[in-house]
Amino acid sequence: MATPTTPVHARAASHTTGLPRRKRRGIAKFMRNRAAVLGAALVLLIVLMAVFAPWLSHYDPVQASFMTVRQAPSAAHWFGTDELGRDVLSRLLWGARASLLAGVVSVGIAVLIGVPLGLLAGYFGKLVDGVISRIADALLSIPFLILAIALAAFLGPSLTNAMAAIGISAMPRFVRLTRGQAITVKAEEYVEGARAIGLGHARIIMRYILPNVLPPIIVQASLTIATAIIAEASLSFLGLGQLPPAPSWGSMLNTAKDFVSQAPWMSIFPGIAIFLAVLGFNLLGDGLRDALDPRES
Amino acid sequence: MLRIIANRMLVAIPTLILVSMLIFGLQKLLPGDPVTAMAGEDQDPQLIASLRVKYHLDEPVPTQYVLWVRDVVHGDLGASLRTDVPVTSLIAQKLPVTLQLAAMAMIFAMGIGIPAGVISAASRGGALDYGANIFALSGMSIPNFWLGIMMIFIVSVRWHLLPSSGYVSPTEDFWLSIKTMLMPALVLGASLGAQLMRHTRSAMLSVLRTDYIRTARAKGLLRGTVVVKHAFRNALVPIVTVLALLFGELLAGAVLTEQVFTIPGFGKLVVDAVFNRDYAVVQGVVLVTALCFIVVNLCADVLYVLLNPRLRRG
Amino acid sequence: MRRMLIAAALALGATAVMAQTSQTIRIGLQDDIGSLDPARSVQLVDRIVFASLCNSLVDITPDLKIVPMLATSWTTSADGKTLTFKLRQGVKFQDDEPFNAAAVKANLDRDRTLQTSNRKSELASVDHVDVIDDYTVAIVLKQPDAALLATLTDRAGMMLAPKTLADPAGVAAHPVCSGPYKFVQRVQNDRVVLEKFPGYWDADKYPVQRVIFLPIPDSTVRLANLRSGSLDMLERLAPSDVASVKNDASGRFAPVSGLGYYYVTFNIGNGKRSNALLKDKRVRQAFDLALDRDAINQVIGAGIFTPANQAVPKSSPYYNASLPMPHRDVAKAKALLKAAGHEHVDIEFTYPNNTVSSQIVQMMQAMVGEAGFNLKLRPTDYATELNAAHSGDFEAMYLGWSGRVDPDGNLHQFNTCAGNLNYAHYCNPEVDRYLDAARVKLTAADRKTDYDAASKLLAEDDPIVYVYSQPWPFELSKKVQGFTPYPDGLIRLRGVSIKG
């Protein structure tokens, strides 16, 4: 039997009474979901790798060392060395920064642009909605990676530009999602009531619509971070993102593919790193969706 | 229903125009002179001057846009700046290649994803479901270009089992064609299959919970019959919508797969054109892609309406 | 289980091989072919295809001597302004048109006048072409041009069938030449297919019946294809594969030192980004002395990146053997920098972001770092780099040049004040004098004196620091017999056959 849905208006008023029952139930549900916890753990691992990279790595990730070129994994170099003699593990740890940054910042851009646009489109409707929706549709009709490639090529290859490109390409999804949610919430009685008593548009959007729109956005954000990490790796792999010598998992794979017969470890470990990071965010997003969705029992 | 289709088509037109302006504008904003790339290492100044005249590069951007649109409407998408091959022939040559790759990938994805999703939903909560879900998530999380590199290394370089690059047309040699596309299609289909499995599973789950399914079970119908006859058919609707979405992912995934496996398809054409500053190709190809995308979504919408009789009245 | 799979695959593969015609050669290329119109072509790989598809008026030997091809003999007038060719008789184009002086005139005129022709600068010294009789043609020049004969061994001297010249798009789509193999098919990014032209004037020296060019940019995949038998030979083997290929008895490694070079150039006077440091030749000399070319050759080049100290390749008779090869001297480099007024120098360094260049540049960064240079690396893609070079948006830059047969092609455009490829905007009127004079002198000995003098001045001023000579490392399967690599990197199939 499905649990009864807590009335929506309760969410708007609950900030005065401490953690509402819903949130506590959500957290408990999350903790019971083993996959979600695994995801959170993986994400935490990646974050720790990124934050503590300078202390965890034994070698300089950028300094070339021509005496130790392409050595297999050993006690001195756990993951072996690359074509310039650099320690793969150290580069992996530092590369976590680029990937994590790429994931979080791109999605940040997408959310910061997409959510307000979606709110405006959903709330005001008519012409505003028409224009915003057409732009979102236009962006959505070009496949994500191709749009990101074109944008990254326009901006020039660099991590910052790749993040901007991915952010802009991911933005329409948030516009669509927010717009849909805003339309639903706007139709609720209490919103009409708020209009009736003369609350301004801005107040209504901020106090009533936005908080109810947030949960699916958070879920989508987590899943989009996963997509963004793969997108950054893909762009770097193609030569459009973080360029060498700065370490990034994608650009490491770009170089590694030329040495896959002589030094397969150069390809294996960055790939596994990307896999674990993306898996972590996917599991986390899934877990959040299950925890925040009132319908799942 | 015709009104719905007509409506959708009308909406598609301003979108298409916006897309064309977007692509054109992006190209014009690309850093550097496209002509420099065309002139190669010799950089002959006389050639550079003639090329600028030939491609109207010194005229204002809106004029260039109008000239381009005029040509497009007449069916002339220009010619590759690098090889002088007309863009329309390039598309005609390469689209079938990517479509073959996409079709084979879709077959793998559907062949594994949909049954896996159905079984997973049917045995909900069990070990099978749990394991399948982790498997699917893993499939989605592996970067497909890495999977490609690893497979080339193991299957081609180490075991010499399958070719690691190139393309053979099915009309030329059918089995060699399949053999050459096998690895790339598997790599491309892996992520899609995983996503399809999850969507199928959740679509099946929401259907299985509905009242009329419970009625069917209460009536004493066999579990299998219920699952296949009633639940699956209704789950088809969201599955179809998702397939349209996945088409876009397929194209994006094809870009990387074709790069790794050196397949002369659409995706590789676009990437190479962007790097070579081959404006004409990028403009033409992205426009055609957007058009296909819009058409596919339109078909999905129509299919959606057809499958769901309740919407026909709307 | 794996053995069963391998056996099954081998059986499949064997049937595929049997189905293939013997005497077909499959050649793996590094880049996709550009335009198949000799007048428009800009890439090296295009020339590799042209070597089989077309004939030029003259050709070269492996030691860079000019020999007859479509022309059987030639004379230069006393004032050096008329070059008269006697043409080979009985030659047909691949569409059965006869080859004659009128065809030569038509082609040369097209190269000079076609709006989008890339050969205009190469033929800039030509005033007009006269047809003397069916098999004699005279090229009349505005001033003597000693490099013209060498230019005519390349695309400028290639002859297309006259009837096809009217349609420029048609030429690129279906080129009709007079070479040993005629055009069958071209699929962009996939392949170019040529087939034996039975009417070729030297047909019996070409055993191979069919030529298939396959562009495969990934060098690992290219080599994997060769090893698995899908290719018969490949060009530009990656240096990192040289060691494993030398130990591999199933193939044959055939490298040759090329005509071109890789170099570092500095922004001496090209726009705002030039500065006092880069203008000071002591800084440039210090950079030159801080490089260890032998180490680059060993560590990255696997022994095939021959160190270079001048633009002219070793295989050329114009090579200046008396010019000393700079050896690494960090102390002297530091002293030079100090004399220029700095102990530490910051320079932004632009380079193309491919694997080998990245490795070399990072090695250079470490080497010159010890002498006090702090290089800030700026990787770009090739198109952006060319743009930056033109517009002066660089401080120091690493580039390659594929090389030309005549020393003029490697020197004049790069080092004269108005030179088209003089990205540094270096200007030394004395160098100009020597290079301009060498162009119009008619005897090799006279020209060498000028080139020697010029190279001495250039080594002193160091606007261009030559790093290594571009090699052409070919790798062939044991089945391929009779192949000789040429320093221009082209694949000539005369006498080449496939065994078994």
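The chains carry the letters A, B and C, assigned in the order they are written, with residues numbered from 1 in each.
Criterion: a contact is a pair of C-beta atoms (placed from the backbone, for glycine too) under 8 Å apart; a residue touches a chain by one contact, two chains touch by 3 or more.
Keep in mind that what you see is a predicted model, and the values were worked out from it rather than measured.
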Chain with minimal offset from the mean of all protein Cα atoms: B
Remotest chain, chain A as reference, centres from CA atoms: C
Whole-Å gap between the CA centroids of chain A and chain C: 46
Separation of mean Cα positions, chain B and chain A [Å, integer]: 22
Distance from the mean Cα position of chain C to that of chain B, given in whole angstrom: 39
Junction residues of chain A - those touching two or more other chains: 156, 239, 257, 260-261
Sequence positions of chain C contacting 2 or more other chains: 218, 220, 224, 381, 384
Touching two or more other chains - residue numbers and ranges from chain B: 31, 152, 157, 260, 275
For the chain B and chain A complex, residues of the former touching the latter: 11, 14-16, 18-19, 22-23, 26, 29-31, 130, 133-134, 137-138, 140-143, 145-147, 149-150, 152-153, 157, 248-249, 251-253, 255-256, 259-260, 270-271, 274-275, 282, 286, 289-290, 293-294, 297
Sites on chain A touched by chain C in the complex: 63-64, 66, 69-70, 83-84, 156-157, 239, 243-245, 255, 257-262
Interface residues, chain A side, partner chain B - complex: 35, 134-135, 137-139, 141-146, 149-151, 153-154, 156, 226, 230, 233-234, 237-239, 253, 256-257, 260-261, 264, 267-268, 270-271, 274-276, 278-279, 282-283, 286
Chain B residues within the chain C interface of the complex: 31-34, 36-47, 50-51, 53-54, 79-80, 82-86, 90, 93-94, 152, 156-157, 159-167, 173, 175-176, 179, 260, 262, 264, 268-269, 272, 275-277
Chain A partner contacts - residues on chain C that touch it in the complex: 218-220, 223-224, 238, 240-241, 244, 295, 299, 353, 355, 358-359, 362-363, 365-366, 377, 379-381, 384
